[in-house]
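The first chain written gets the first letter, and so on, giving A, B, C and D; residue counts start at 1 in each chain.
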Amino acid sequence: MTETGTIRVGVLGAKGKVGTAICEAVEAASDLTLVAAVDRDDSLSDLTDNGAQVVVDFTHPDVVMENLEFLIGNGIHAVVGTTGFDEARLEQVRGWLARQPEVGVLIAPNFAIGAVLCMKFAEQAARFFDSAEIVELHHPNKADAPSGTAARTADLIGSARDNAGCPPMPDATSTALYGARGASVSGVHVHSIRLAGLVAHQEVLFGTQGETLTIRHDSIDRTSFAPGVLLGVRGVAHRSGLTIGIDPLMDL
Amino acid sequence: MTETGTIRVGVLGAKGKVGTAICEAVEAASDLTLVAAVDRDDSLSDLTDNGAQVVVDFTHPDVVMENLEFLIGNGIHAVVGTTGFDEARLEQVRGWLARQPEVGVLIAPNFAIGAVLCMKFAEQAARFFDSAEIVELHHPNKADAPSGTAARTADLIGSARDNAGCPPMPDATSTALYGARGASVSGVHVHSIRLAGLVAHQEVLFGTQGETLTIRHDSIDRTSFAPGVLLGVRGVAHRSGLTIGIDPLMDL
Amino acid sequence: MTETGTIRVGVLGAKGKVGTAICEAVEAASDLTLVAAVDRDDSLSDLTDNGAQVVVDFTHPDVVMENLEFLIGNGIHAVVGTTGFDEARLEQVRGWLARQPEVGVLIAPNFAIGAVLCMKFAEQAARFFDSAEIVELHHPNKADAPSGTAARTADLIGSARDNAGCPPMPDATSTALYGARGASVSGVHVHSIRLAGLVAHQEVLFGTQGETLTIRHDSIDRTSFAPGVLLGVRGVAHRSGLTIGIDPLMDL
Amino acid sequence: MTETGTIRVGVLGAKGKVGTAICEAVEAASDLTLVAAVDRDDSLSDLTDNGAQVVVDFTHPDVVMENLEFLIGNGIHAVVGTTGFDEARLEQVRGWLARQPEVGVLIAPNFAIGAVLCMKFAEQAARFFDSAEIVELHHPNKADAPSGTAARTADLIGSARDNAGCPPMPDATSTALYGARGASVSGVHVHSIRLAGLVAHQEVLFGTQGETLTIRHDSIDRTSFAPGVLLGVRGVAHRSGLTIGIDPLMDL
């Protein structure tokens, strides 16, 4: 039963770990109504039949494009956390959206509000300091190093420094063991720690004469994406076209 | 000897610890020229005689008003780190400036760029989290607790949350030892640590479901104000009237 | 089915959150065999019938004494995480043990190995520094402040300093807001933070001329007691009589 | 003028930065008397002429062996912070000491008490955790990476784990940028950060199921060696022969 004035929300991938948590979060929010919880054995028409206005997609790279074509074609806004979007896929989505100019699609690599703020603040701070380095810390089951978020943060810092005409960072290292100084991403040294007992953490360090600024994000629970997904659900209808990342909706 | 095209800078309180460091920083900057280093036994006319365009004042509450009246009256811009400005004093300065509309005066309680960014980011982040608390850590010779910077940060967080209509922070504490939960400033709990081996540090913690964001500023050297003072010297001439704090000059 | 050479383990409170995790941990350990999982509706005789050699008790203050009388009386070693032991209760347990000198009972307020090491190291470091303070950080549903672990750590630091003849810690605070400097426990300032997104964390800070040492424990999962419980199960049979805390078994 | 009952102390390298700080610290200590402050243009006989009982040597690898031969030959105990001791040099010192069995020589790579405790605690904690990594952070003028202290800490952790029969640390990394996972020292990943605004810092991280333990040492002032040097001066006379590192004197 839908309450008047609430947003009618559908969830794709509803029985996955993430999808289950999103269904719970939608149901707990008084301004949202869950009208369709669709998983792999269900039909996409459940979404249209139940009048979904916004659909959240945390599925799989193999099916997400098909889902998006359906959603956009039916005038439904989408909030997408599924991975695997390269430029070709984004271009395809933009093409579909060109024919439905009132629809909004939000594709975000990271819905944790703290992670997004960490990146934003890192970008803002970058030009005021002589040095910047990143430490990212994750559970030992992670396959890649550094994390995508750390690499993206390094890119943002590197670009901000380039745009401001900052000189290279000071570093007198002349003798180093292989790997001691980390990986260099856009000129920023990035260090990856893998430790039992951790989940997902990132620390960005800035330094200048006599002072340092540290911005740290700790995510200790897989549900930390929920507040960001809801923020996307509430905002996507007001942004037609393709939006990448939740920060444009945060009005920073 | 003044180089063409540089800003002609005077320093008041030039023989104090802070003043000495500022004189050195001005002399090291290629776009600034130190034209007058004035201390308590010198005459203010050294500043006008040497054509100072911007004067830095790190003196004492007893003399700073007299200095400002002189500087403004002579059309000299001022960058002021001296403490003790209440609303009455600021009103007086505004009055003097009304008669010299081209002059700019910057009065800042904190010139450490990292501290300013820490406050700014705390203010921006405040409305996205359920909880916020502040820990400030200083050397054990500090007389007041909490620090002025921590109290100001708490005010900024409290106002940002009020403006966004955030609910009260969750806190189920029912049994507490006197002082355990810190001091409450604008609804934000603030904790003051005094420890040998520290200088001046502040940590702002934000938390929501499954994630936390921490912004930390460490100042380990009294010279950490220098980059911020130079930023003020370079920017004050472009902002006529009274400016409070260096953040308006940081273009965040 | 019990494998030869393994320790036969029973669990009391087996269907509670903690008990369930302990059952899983026992079953996953190749040197332990779970022979009885007993909850409130089961009979204690399940433990003797199945030949339990060591029993883990995470139940309730109302029933733990009855459980212990039964276990000791039947020559079964016990590892107890249930709370509520005062000196009178401990004396009662010692009385029962006097009649069964071969039985070992371990009662521990905290089984997290990291928490125990944090306390131990804090105690060892205390006499070498001028200053020591504690920050403990927990989820906002916690009722008491400071935490029991923080109060115990403060006691250990205070005693170590007294024994070494350390002078009072330096502190020039003359103007403070109510609570800013935290609670004083055994002369150590303790600060309690309550923040959404946290679980259970503690930081002990030591400082002397020009340097600080920080010992931090983060527990982000209720299962963090499991390795300590197993350490107790393996060691309790070798320590007859009453043992308080797991550190005597850690051979530090 | 020497007070009765105090230790008569000489300082070699007395006009260097470190030597000056040591002279000040000796003069400030009521149980020590500074009897000779010797620099490169002075004669070593100043030490014997003034009856030095213990001599502190913070000089240079080129002269320290000559100094030690003189001190040991004259029955004077030595506390040495000069670098450059390899096994050949240590063997030479042991040879000189064999002929003067009452003399004590302390050679320490690090006199910061916090750094020594950090290493000691890391060694003690190592066998209780699945994972261990080290982050060391220094000013950007440092030439080598990782720091000697970090490499030594890694060795201690690696040995402790080997002795306890710990399995390899879990690490599922399969795709990594060059250097992202740091340098491997004795099987421990070590990460080196170089940042303006820092001095010398080290963080040792341990993790197991659901919990982590972090031990951090911050040295923000070159005078942080002073308390450790005084501890050496007071203790070296009671330990004849060669002692490496101050921890044997700390009675941990």
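Please note the rule applied: a contact is a pair of C-beta atoms (placed from the backbone, for glycine too) under 8 Å apart; a residue touches a chain by one contact, two chains touch by 3 or more.
Composition by chain, UniProt nomenclature: A, B, C, D = 4-hydroxy-tetrahydrodipicolinate reductase.
The model shown is predicted, which means the values in this text are computed figures rather than measured ones.
When the contact pairs of A-D are matched by residue number against A-C, B-C or C-D, over half are shared only with B-C. Comparing chain pairs A-B and B-D by the number of C-beta pairs in contact, the larger count belongs to A-B. Ranking every chain by how far its Cα centroid lies from the centroid of chain B, the top place goes to C. Rounded to a whole number, the gap between the C-alpha centres of chain A and chain B is 35 angstrom. If you average the CA atoms of chain B and of chain D, the two centres end up 39 Å from each other. Counting only residues that touch two or more partner chains, chain A has 129, 197, 206, 208-212, 218, 220-221, 224.
Listed in rising order, the residues of chain C touching chain D in the complex are 112-115, 117-118, 121, 124-125, 128-129, 206, 208-224, 226-227, 250, 252.
Listed in rising order, the residues of chain D touching chain B in the complex are 197, 199, 218, 220-221, 224.
Residue ranges of chain B in contact with chain C, taken from their complex: 129-133, 135, 137, 140-146, 169-185, 189-198, 205-212.
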